[in-house]
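One chain, subunit A, links the two complexes that follow: it is found with subunit B in the first and with subunit C in the second.
Up next is the complex of A and B:
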């Protein structure tokens, strides 16, 4: 398969002035350089759905910004759809779609329909294919009732559906998604993930996604690049990564009386609170339903919560393992 | 280029639509305009009726029509500086940079769209106010010329505020720059009184500034309409629109280079 994105020794260092104490020192600040991305290399093939994950400050958003052309690197090379992003930003803009979970690209006071019409002219789209694409996306995302509503009056989930629609209206071959499900409820997250996966699969679209939510990675992407301190520490298919690192669940049991005590392989007790028992389960050794069934058999369970381990823990595991090898 | 202008024209239409959709805000501006004119006309009527010894001779007919025109322009202006500051400081600029059209042109076109709606609504309010208060307005034949100068005047004002807004690339907060521009509009633009009342050297200086192009020239046309004055006014305004556009472009290019290099401000 041909590479849509090729990155070679890409790096970015930020330099900023740090003020020192004292009156006269304020006029001669100390300059500090921070290496946000430190020489990363990877390729992404057409149709691949890839997640870049890592803790805060790992360099994932910086990488995404460089690849979309809104940040110049300090060194290295990158080619996105045959273009150098930071030199050919305008030409690249016609070919990519970008969604920032924490930033709106729509006009808040305008009804979504007006925003979409403005985007048609911004991307020089002919009326007929644009209307067809908008019709398809409106139907797929159930936007009919939202089109005439001002964006600022929409819920976050509704707005995000419109944001993704807006990013796809010009038919981009490559979609960049920066935290697309942040702040959404469970139902909205599921709808967004299903849509991104199915749309990319049906249209042969390449997706590059950053997220802190491991479910985004598991359900949307078929490959994961883990970055930490500006470097790639893991680059492998999601299945393999899940088996290696995401095969753990955190189960919290709320009980009226004594805490839950289980003796099952791969089940370890974490620091628990009164009436709440927190267990870490290695799902390769014991399935989640087995743990719940055993706990229920003990009786006295009032509530159960199942979560993924915090991303920081997964990253810490990955980082620890890459140091160990 | 043609497609860029088409997109800008759509942005202008969207801006106009936004201003019309917010008709309650627009109505509020019109009411505020009436309030201001009621107070200022009372002041200038009194000054005209009771000239103090040693006072500067006022133009015939007083200054009510002059202030009517300058306030018409001032109240039509968009808050484009706040939009730029917000986008630049919050990182809201990023989604715009990922689009193939020029953010500055699109934003200014959208702001101008809203401004034209306000200009029309406030212009209508001025005509009604003149009729209700029984005051003599400028001859009806001069209205199209006044409207042209009004459009050029708000464009100059919008570009002045755009310069203030683009300073956010370096200052992050633009309030100091905005205040300086506002005070200069007041002083050198002649918001409440024509700069022709200033000493000769100061008048000549003020006339050549963008602040006079923003307010003074449309004001004097309302006060004493003439073909020659119209051409002089339009020439100054067009000159400043060109110069301020170039300044905005230079600031944008320098600011954008900074954002692309440093990832923010």
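Up next is the complex of A and C:
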């Protein structure tokens, strides 16, 4: 398959002034350079759905910003759809869609429909094909009833559905998503993930997303690039990563009396607090519902929370594993 | 070019509709601005009733200056309202989304907002110019050119001030203060500015090119006054575009405070 994105030794360093203590030192700050991306190499083929994951400050968003033409790198090369993003930004913009989870490309006070119409002018789209694409997307994303509602009155999940629709209206072959599910509830996250996966699959679209949420990666992407401190730690298929690192859940039981005590394969007790028992479950060995059923049978359970392990832990495991081998 | 104009018109029209959307708020803001303008004008009417002239300036001159200033602020606010909070917009990192789209950044930033109070300025300008400025119909072409040139300089200077946000986070309020100072300088008779203050009024805070030079062209039309007005518009326009794009280059290198 042909490469849609080719990245060679791409790096980005930020220089900033760090204030030192004392009155006079404030006038001569120390200049510090941080390597946000430290020479990464990868290729992404047409139709691949790839996640870049990593803890805060790992260089995920910086990489995405360089590949979408926002930022210029400090060094290295990149080709996106045959263009150099930072030199051919405007030409590239017609071919890519970009969604930032914490930024909006919509006009908050306007109904979504008017924002979409403005985007037609921005991307020089003909009216008829644009209307057809808008109709398909709004139907698939269940936006028909929201089109005449001002964006600022929408829930975060509804707004994000509109943002993703907006990024697809000009029919881009490549979609960049920066934390597309950040701040969303479980149902909204599920809707976004289903849509991205199915739309990309049906249209042969290439997707590159960054996320903190391991479920985004499992449910949307077929390949994962793990970055830490600006470097690629692991680059492998999601299935492979899932088998090794993504099959864990953290279950917290709140109880009035004694904590929960279970003896099941793959279930380990973490540091627990008074009336709260935190268990780590390897779901390949014991399913979540089995753990909950056993705990309920034990009696005294008042509340249960199921979470994915924090991304920092997943990265630490991957990092430890790759350095041990 | 036509596509760019159509896009600007579509965005600007959307921004104007947004400013109308809360009708109560719109009416209060416009009404408040009209009251403010009437109060300011009344002060000058009372002043000239007592003194007749100040440094050769009469009430009709003052009305022309006041009307030009209100026209410039009104047109800028209605059609280029994004200038007002441009520094804050840049510092919030909102340029990222615009950089992933294929159109020019300055028009996108200017057309993102329409300021409701600016309609009050426009209404006041029509009244003041029509009633007090002693203008003839034959002055209309020069008046329209004066307003266009003044608006260009005012918006350009505001873009230049906002571009400071690419270098310093403090530009959020500083840029707005500079724009307000420029407006203040544009609200008094040109004859009171001498020496260093006059230099400032024709350079850093180009009030001279926003209203004083355009006003001179309306009162004394001729090649020299026309050249001065066009010179101001072209130079300040070029400075704004140059400074903004220098700033964008810095932003894209990751060296701006908002990165």
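Things to note:
One rule holds in what follows: the second predicted complex is superposed on the first by the 314 of 325 C-alpha atoms of A that agree within 3 Å, B and C clash if a C-alpha of one lies under 4 Å from a C-alpha of the other, contacts with A are read in each partner's own complex, and residues count from 1 in each chain.
Everything below uses one rule, namely that a residue touches a chain if its C-beta (ideal position, glycine included) is under 8 Å from a C-beta of that chain, and two chains touch if they have at least 3 such contacts.
Predicted model only: the values in this text are computed from it and were never measured.
Looking at the shared chain after the overlay, A:301 reaches neither subunit B nor subunit C.
Of the two partner chains, neither subunit B nor subunit C is touched by A:190. In the superposition on chain A, A:154 makes contact with neither subunit B nor subunit C.
Residue contacts after overlaying the shared chain place A:264 against neither subunit B nor subunit C. Applying the stated contact rule after C-alpha superposition, one finds that A:250 touches neither subunit B nor subunit C.
The residues of subunit A shared by its contacts with subunit B and with subunit C are 12, 14, 62, 65, 68-72, 86, 89-91, 93-94, 96, 98, 100, 103-105, 107, 109-110, 114, 117-118, 121-124. Across the complex, subunit C is touched by residues 12, 14-15, 62, 65, 68-72, 86, 89-91, 93-94, 96, 98, 100, 103-105, 107, 109-110, 114, 117-118, 121-124, 150, 176 of subunit A.
Residue ranges on subunit A touching subunit B, taken from their complex, read 12, 14, 62, 65, 68-72, 86, 89-91, 93-94, 96, 98, 100, 103-105, 107, 109-110, 114, 117-118, 121-124.
Every residue of subunit B that touches subunit A in the complex is listed here, in rising order: 3, 6-7, 10-11, 14, 17-18, 21-22, 91-92, 94-101, 106, 259-263. Against subunit A, in their complex, subunit C makes its touches with residues 3, 6-7, 10-11, 14-15, 17-18, 21, 93-94, 96-97, 99-103, 112, 252-255, 259.
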